[in-house]
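Next up: the structures, one after another.
Two complexes, one shared chain (chain A), two partners (chain B, chain C).
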Partner chain A sequence: MAERATSLGWQVIRGYAVLVYIFMFLPVMVVVLLSFNASQFGSFPMTGFSFRWFIELWENEAILRAFRTSVILGLLTAAISTTLGVLASLALVRYRVPGANMISTILIAPILVPEVVLAVALLLFLNFLGVNKSFTLLLFGHVIFTLPFVILVVQARLISIRRDVEEAAMSLGASPVQTFFQITLPLMLPAVLAGALFAFTISFDDITGTLFWKPGGVETVPTQIFAMLRNSISPEINALGTVMIVMTVGLPLLGAAIARQISKKSGL
Partner chain B sequence: MSSVTLNNIVKRFGSFTAVHRTDLEIPEGAFLTLLGPSGCGKTTNLRMIAGLLDPTEGEILIGGRRVNDVPIHKRNLGIVFQNYALFPHKTVAENIAFGLKYRDVPSGDIPGKVQAALDLVQLPDVGHRYPKELSGGQQQRIALARAIVIEPDVLLLDEPLSALDANLREDMRVELKRIQDQIGVTTVFVTHDQSEALAMSDQIVVMSAGRIEQVGAPQEVYNNPASEFVANFLGASNVFPAECLEAGPSGAVLQTALFGKVPLPVEKSMRVAGAGPAKLVLRAEKLQVMKAGATPEGMITAPATVETVDYQGQTVRYFVRVGDTQLQAINMIDGYPFSKGSAVTVAFRPRDGSALAGR
Partner chain C sequence: MSVEAREKRQPWILLSPALTAITLLLFIPLLFILVYSFWLRTATGADEVGFYLDNWREALTDAFYRDILLHTLKVAAITTVVCAVLGYPAAYFIARSKGNKPVLLLLLMLPFWISYIIRTMSWINILGVSGALNTFLLWIGIINEPMQMLYNEATVILGLVHFLLPFMVLNVFVSLDGIDETLEDAANSLGATRWQSFLQVTLPLSLPGLAAGGLLCFVLGAGTYITPLVLGGTSDAMFANLVFEAIITQLNWPLGSALSLMLLAVLGALVMIYNRYLGMAQLMKGLG
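Then we have the complex of A and B:
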């Protein structure tokens, strides 16, 4: 092992991997660093350390409104997607549904279709039906887009839960509904949480679909940033970017930690 | 505790018939084993009794009550699964208490009942642990405790020992039988392992390809198989063609090419009605391989040649050739086995044979 780790080939591979990581994460680091820059101009060298841009962010009514919209949209998307995803997974894994494979493919398809295509298609379809753009439509779009992730995660977990554990619960007197809440749901809880977090973070950062579906006057954080960028490059955007990074990276990490805690307890 | 009755049960999956028309009566308190190779329908029968599968035709009665339309959670059964099926997110005590929560057991009585069940399976101190912290054998005992604490009408055991390793399996076999004797619950045990079936059962039901081949006490099924399948599934047997010369209240006489005339006592020849084609069944353990020229008292002999020697220490399995037929003999030995190629004499007592009708 030691021999291999020090050989030239491995050194090169290691160096290359580091370069790839730098290429991927340097821009993110720059955004985070500049968000603490005291200067008016978002560029190096930094002139001092300050929370000024975070405070301005906090005082910017439009951004706060966008933030609230994003959080509400994300939570609703997560709640609806997770509920539908769990039910769909149960049907597909536990019951013999005619055409289960096709239903499964259709449910997963939104991941495979380019988001722009999906966004335009849904918009045209609803125009055709004469439905106007609204917050509900936006929510609907986000649910379609996040549902596959929930289904993939929950389905994988459900397959690993042995059917005989549920049969044992029923043989002991639990009805199918009691069995679900007492046995199946607790066992798939880590996947349900993971699915909900996926749905929330995907909805929270989504911009393509959101630009098409959002009604006039409603902005989410990504569309707000997009709008601000069109006017000027304010250092506020760096601060907002930092907040977004913390949320979209921190939440899944937190979720993974909780899921691991649950799994540890149940021994799965 | 209740009897279980299967009346005219048929189970089809699409065009495949898993269980052909079956009638079976399991008396109250009996330990009955469904024995057969995989795919013979034994697990299908168990799952129909459990309510996990609906029979296509026929009816199932538990304690005289028709249960076809009673869902599993209202049948009051204890089921032990092959892979234990313990709830991994609940402690051992919570696992055992699970069934009690759905019965009219005052919550104050639950800990006492759980402890009594743990004592019965001889694991009194593991209540606070999680299933994954226990060994396979211990988990299976907990699964058994969980199934019997609810005082089920019928205990269903679906290959409960096959996930355990060999030594543990034999211990658990004794343990399971002890517990069943102690609580006296009607038990249906599914296995493909003939020694488990012989050791534990009051009654064995041998199944093959969705049909019952034979129902009987272990000694009966072992000594007097009803078909060639049963003879070969429970250990190794030699089955060869014979001609029944006469059959009556004093027994039967079979004419065989290899051993000449073989007189059988009446209890071993009840499957042949009279003169006609028949088969002679001779268990491998009952065929003795001896020095060439031996003429043991009261035994039928034939000269033979040893073709294969499968030495297993205490016993040895020979394949010997008699005429143009290969026979199998499993003998206890003391010292060295006969070597391959030796000329020997094979011998058996006539009462150790049994007769089947037909070709």
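Then we have the complex of A and C:
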């Protein structure tokens, strides 16, 4: 093994990997850098350091409205999707269900269907049923394409929870309902939180389906950015991008930290 | 009710909300657009119910649609190959690194969490007329005037690679990480060079991960319409852009249905082939 660290081949691979990391991060770092640019154009050169674009962002009514819409949509999506996903995952992990493979494939089908196709199908079908482009349609859409991700994440975490703890509670006289709320749910909490966070983030970030489903005049953060891009890149977009980066990277990291704390406390 | 009967019923009660949602919001809508694709949009803008083959004839025979479909498959294929070329060595580095693997992996996954639209538009900051690259090249004096580097097929592929690379790295990593390293050592001790043992032992064992990553890159790449709108020029429309045009701009929903189903059929066929030979389990490993 010692020779690998010094071998030429390994050095080349490492150098290559560093370049790939730079490729992934450079554009993002440039967005953050430019969001602090004092210049009134959203581009180089940097003329000074300034928070003015964040202040303008805060005063931009359209962006704030989009932000509110995205947060509400994300929270509702996460609540519904996580509930459905946790129940389904419990069934798949805890019971021997005939045709489990088939059911798993059905449950992840929304990932396998291209999102554009899913968007068209849902829009046209619900329109036929009398549901026009609306917040409800957006919510249905976001639930259906976040659900598979929630199921995959929750299932992966549920497998690691030992069943005998629940059996112990039951044998000590707890009812199934008591066992669920006092033993299973607390143990599952990290899995549930991870699923909810995943659903929120995916919903918050979605643009492909959202552009099909959103009613005129309603914007989410990504569609608002998209609409602003039609003009030219303004420093405000970079500032909004920085806020999004902090939110979408910060939130999952925070969630992971909380989950670790919870699992540490419960001692499992 | 007997205990066994209840045991049998419980999982179905737990599954029914999710299965109902997917049936009502995905499967029935898909069947519905199949029916819809045989209706006809009349000159007045109303849809005529019936069994017309016009939309399908147009979607399947019009050279315009065929060319854009081929262009879409080409862009997706190049994207997938570039993702593999960039992603495989990076995943190999993470899997075989003696450093902190989870942190290295997390670091490469971070952009995955960053907004797709932000990451796509961030390339305008790099490649735009007053972007980082032009500013730099002007500053060191290689060029005298900013170059127009944006809004072509190459930048669409660049944006897609940047968006999809994490999927490739994650899938390849999962499969490389599962390979017993002593296999390589065994090959080496039997006289194989490092390169030989990689080509004959490690690479074949990691192919399922590479295939899973490739499938995801291809399917997600071929289904996109945002990247060509942001980073492409007027002639870089992909198939999903046609769907968007038909549905949202022209409001020709029957034709839009036919085009959507065409895209679904092409990409669905790929997923089926993949499932036939490699199974869904590998794909789920990488996604979970």
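Going forward, the second predicted complex is superposed on the first by the 256 of 268 C-alpha atoms of A that agree within 3 Å, B and C clash if a C-alpha of one lies under 4 Å from a C-alpha of the other, contacts with A are read in each partner's own complex, and residues count from 1 in each chain.
Simple rule for what comes next: a contact is a pair of C-beta atoms (placed from the backbone, for glycine too) under 8 Å apart; a residue touches a chain by one contact, two chains touch by 3 or more.
Here the structure is a predicted model, which is why all the values come from computation and not from measurement.
Trainee: With the two structures overlaid on chain A, would chain B and chain C clash, or do they fit side by side?
Mentor: fit
Trainee: Could you look at A:Thr201 and tell me whether it touches chain B, chain C, both or neither (first, second, both, neither)?
Mentor: The second partner, chain C, only.
Trainee: Check the residue A:Ser175 against both partner chains and state whether it touches chain B (first), chain C (second), both, or neither.
Mentor: first
Trainee: Answer with first, second, both or neither: which of chain B and chain C does A:Pro252 touch in the superposed model?
Mentor: second
Trainee: Would you mind checking which one, chain B or chain C, touches more residues on chain A?
Mentor: C
Trainee: With both complexes superposed on chain A, which partner does A:Phe23 reach: first (chain B), second (chain C), both or neither?
Mentor: second
Trainee: For A:Asp164, using the defined touch cut-off, is the partner it touches chain B, chain C, both, or neither? Pick first, second, both or neither.
Mentor: first
Trainee: Once the structures are superposed on A, label A:Gly74 by its partner contacts, choosing first (chain B), second (chain C), both or neither.
Mentor: In the superposition, A:Gly74 contacts neither chain B nor chain C.
Trainee: Who does A:Gly209 touch here: chain B (first), chain C (second), both, or neither?
Mentor: A:Gly209: touches no partner chain.
Trainee: Here's one for you: vertex at chain A, rays to chain B and chain C, all C-alpha centres; what's the angle to the nearest 10 degrees?
Mentor: So the C-alpha centres give an angle of 100 degrees.
Trainee: Quick one: is A:Arg14 in contact with chain B, with chain C, with both, or with neither? Answer first, second, both or neither.
Mentor: Second partner only.
Trainee: Nearest CA pair across chain B and chain C in the overlay: distance in Å?
Mentor: Between chain B and chain C, the shortest C-alpha distance works out to 5 Å.
Trainee: For chain A, which residues are in contact with chain C within the complex?
Mentor: Its residues touching chain C are 1, 4-5, 7, 9, 13-14, 16-17, 20-21, 23-28, 30-31, 34, 41-45, 83-85, 87-88, 90-92, 94-95, 97, 101, 103-118, 120-126, 128, 140-141, 143-144, 147, 149, 151-153, 155-156, 201, 204-205, 207-208, 211-212, 221-222, 225-226, 229, 233, 237-238, 241, 244-245, 248-249, 252.
Trainee: In their complex, what parts of chain C are in touch with chain A?
Mentor: Going by the criterion above, the answer is residues 7, 10-12, 14-15, 17-19, 21-22, 25-30, 32-33, 36, 86-87, 89-90, 92-94, 96, 98, 107-108, 110-111, 113-119, 121-126, 128, 130-132, 135, 162, 165-166, 194-195, 219-220, 222-226, 229-230, 240, 243-244, 247-248, 253, 256-257, 260-261, 263-264, 267-268, 271, 280, 284, 287-288.
Trainee: Within the complex, which stretch of chain A touches chain B?
Mentor: Residues 162, 164-165, 167-176, 178-179, 182-183, 186-187, 265-268.
Trainee: If you look only at chain B, which of its residues touch chain A in the complex?
Mentor: Where chain B meets chain A, its residues are 50, 52, 71-79, 81-83, 85-89, 98-99, 101-103, 130-133, 143, 146-147, 150, 156.
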